[in-house]
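Following are the structures in question.
Common to both upcoming complexes is chain A, partnered first by chain B, then by chain C.
Take a look at the complex of A and B:
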């Protein structure tokens, strides 16, 4: 028998090990059971969209692609083409990216690097604005869009959403600029670059990770938007996938779960791709930024 | 000068789509504006009407139970449990389950709502009811019978991940020596959590509680999709009532004036909360002056 180096009997050690293993099993069991609604819910989307029917709620019978016919033929004449809604959703997402990144990056640079009267007030203002949450602004935003003639347009929705996201984006980007040593910038200035050249050629490449993360967050936020879309857009030509799926739910909920699951899967697909490939990267920023913004 | 050039696009966007609407909300609250969008000032009429609104006591009750219930069961407690458990099991397993819990947060709301509508479907085709039917029970209309529970659970599955992430980061930053010392002194797993982990993360717990109270008070998106506030007003929270007063389909919509006044109450609560955060969490420290003065 091997002599143990521990001042404990081998049997006692064995007992402790067994207890720790039991606790581990319990913890794994707990994690699995509590996550079941999520696991089952998302599996259902896949199973139901590719099968004729499900027995006992989850077991697929007969694989089929017929649930996907909405890709070329709308489920009823009432519906616009799916691809039109898809294009609108894409415009909403990309519009968010361009507006948010294009506007927040220069502003964040200035707030991070320059001292000017009103700096503290601007930063504090962004935090006070945070106490006006979406619901409180929805009514007045409706009024503003109506006045600007932007109701029923995708542009209106992404401008509104970009405006609301701006304080958050500025805070995050400011954090990235804060992290660049001043020496880098000074070196460029000493070499004769103008302020703008320094910003564009030296500073921007350094904050690429921040720009990437903000872009993905902005895109997903536009792509997934629900409330602003169904409140500000009624014209079918401007429908996004949110309005499309929303209508499918109210028209076909008890009739055709296959159609529901397939349209939802179509809508969620890009989100899943980002979720799988860019998640860790996103988390850093969204948690770091949550201190100040949303 | 160039500062102004760099800042002006941001200032204009925020002014038009954030500051102006904020001011408009305050002003609209003093009018009885409806679908005709006329500015008829009626002073504090909307707030007087609020005192006489026979629906409000019930809505306050639902809002209170919803916020306390979701916060107490999911956002703080369950978020904390998830953080503790995922940091106790292997690193890869922990990360996998944390990702899984984040999935609902990144899912478009309408899809997330649809998944729950299927789980809670009142016919035998829903997940819960198909299980009931399989063991010989009759299907139940879950939303009709348990509206409050439904909105707490559906929002909780999204809310739990926020606390989970904050607490995971906080637990990770506790020096390991503290745990070792406790274990050497004979502490078991639960004593370790009670006397080492919890006291070390009390600030994050307070932060999540404060922050999420405000988020929940103003959230209504998932309720709108899943229960629509019904049956009758049984799951209508303050924010959803405000929404329905203005844009809701089924009772007297387009009451923009009264809706703004209702929204303003949420803003006042929000401002009080923001000032409290400011004091408690020293937000001023985040606004450090730039190290070197430029321009």
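Take a look at the complex of A and C:
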């Protein structure tokens, strides 16, 4: 009888297994501790919004839906209708998506495929623009919007935001277009397509994951915009949810934590749901376009 | 179907001349190959014919209509790419139907035609699949279908077989040839594989560094290459090429290279004398030499240095002085390593190339 080259005793195996389990427990423990501040923050929001008050800051007392009454009637005459703010936020997000996708896809295609004087300069220029902190432009943008009559409008805000996001979106989309082989495009031209048909029928369907990714990012960036909204929009009819939350924090004589918590949750919820469905598109961005051979 | 004529076609990319004043005529319904190593300008020429590249100079005619400015979609060409270039987001059916849909054909007509070409290439049961679900050979057929479905005037094939495995390549090349004969479409095949060109095309245009080297029937290119490049590029195993000097040895005209000496006939001597040259490159194909065990006229001696059995035949490497030859012989011959043999080339098959690479034939035939 030949003895095994690896004479492992059951006890040794058991030891290895135990060590692996210990490492796993440690790892998860570490992750849990680092995530704790976020977990506590959100649980505080959640619990606060459904209770009269919190004992020791975390234990809810007397469950109530009172804090959610803002859904059907503004907490005070000072506030506009919540649903109006909701609609404005939605318009801001969708406006971002339409502007960003509508401009960056054709722009990225041209930058990816065509040679023209100034191409390199444009590419470099977009990167420089991308590196500007948006806040440095606040005052000049204020003047621009006022001149154009777009102050106090959601349209003005999403145009500014979309403009600032454009470099990033163009680079992402360019990456996706770069990944499509030239021959596929040539095949379409030979098959009888015009340049536009080639772009629309052959190229666009292949960069769908890219369009999905920048749409999500554009929407989220519009949905959660804060600084431009409170700077450029004062008219209550144009308030978004971030102005709404902002006013609860700052403009009221005393801070109603219950109201703040439930409004904040209301603000987060749609994004959360949206994100659950959309994250697989976002994951494609880091891959940078089409995978080879598909 | 159309006749294709290229007149002094030229393409420059910056300072690089990819295609240099290429003139070529392809008859209606003819199947020609453009053959050359990579970078010789053959694919560039093809893309100019398709209308993807515009020529720097020169003209492209289809049936005597100038095509230079005509966009690709109006040229009625079918193009099969080396990479197949199928549309990854469409099913096989949609891929094949795409040119017809762009031409605004009726749904019924599209359906009929797609099934017709699919039947022709035996891919009918693949129509619902996506390109990523197909093997290389199947993708190649789909690409061919897509090119054929619009009934093009000219069919362009860019290295259509190079991504297939050896066995499939042999099958597919016969199949493409059969299809071309059946449909009678003017076809231009671009390839770097001389076997592909020889087996499929009626005529072959050999290109090198953007310049047309020779255009003719496969046998013409094989038996009477116009220059050293064509001679070395065509044939497998390749032609033996040896630098030689013309001398009179012991009163007999000979081609000499060190210890190697090949006695010539008086006919060859006359031709060489007429050329006024002394230095040549001697070319002789492996199958145009006899291996003998005794001395004979117009033979040289050599030693067997390597034996490569090819199955049906044997390739014998011979060292003759400083010259080396590969000789194709039958496997019945009892030849062993180290044998001292006599090699007798068929004198009428000899090729002699002048120092500038031209065949000596260019002199006496001109």
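Going forward, the second predicted complex is superposed on the first by the 246 of 294 C-alpha atoms of A that agree within 3 Å, B and C clash if a C-alpha of one lies under 4 Å from a C-alpha of the other, contacts with A are read in each partner's own complex, and residues count from 1 in each chain.
One rule holds in what follows: a residue touches a chain if its C-beta (ideal position, glycine included) is under 8 Å from a C-beta of that chain, and two chains touch if they have at least 3 such contacts.
All figures in this text were calculated on a predicted structure; none of them were measured in a lab.
Per the definitions stated earlier, placing chain B and chain C onto a shared chain A by superposition produces no clash, and the two fit side by side.
Using the contact criterion defined above for the overlaid structures, shared-chain residue A:146 touches chain B, although it does not reach chain C.
Once the two complexes are laid over each other on the shared chain, residue contacts for A:124 go to chain B alone; chain C is not touched. By the touch criterion defined above, A:236 reaches neither chain B nor chain C.
By the touch criterion defined above, A:84 reaches neither chain B nor chain C.
Which of chain B and chain C touches more residues of chain A is settled by the count: it is B. When the two complexes are overlaid on their common chain A, residue A:103 makes contact with chain B while staying clear of chain C. Closest C-alpha contact of chain B with chain C, superposed model: 8 Å.
In the superposition on chain A, the residues of chain A contacted by chain B and by chain C overlap at 290. Listed in rising order, the residues of chain B touching chain A in the complex are 2-3, 6-7, 9-11, 13-14, 16-22, 24-25, 28, 37, 78, 82, 85-86, 88-89, 93, 97, 99-104, 106-111, 113-119, 121, 123, 125-127, 130-131, 134, 157, 162, 165-166, 169, 189, 214-215, 218, 220-221, 224-225, 239, 242-243, 246-247, 256, 259-260, 263-264, 266-267, 270-271, 273-274, 278, 283, 286-287, 289-295.
Residues of chain A touching chain B in their complex: 23-24, 27-28, 30-31, 34-35, 37-42, 44-45, 56-58, 99, 102-104, 106-107, 109-116, 120, 122-124, 126-144, 146, 159-160, 162-164, 166-167, 170, 182, 195-196, 199, 220, 223-224, 226-227, 231, 241-242, 245-246, 249, 253-254, 257, 260, 264, 267-268, 271, 274-275, 279, 283, 287, 290-292.
Partner chain A is touched in their complex by these residues of chain C: 47, 50-52, 71-73, 75, 77-79, 81-83, 85-89, 98-99, 102-103, 132, 146, 150.
Residues 181, 183-184, 186-194, 197, 201-202, 205-206, 208, 290, 293-294 of chain A touch chain C in their complex.
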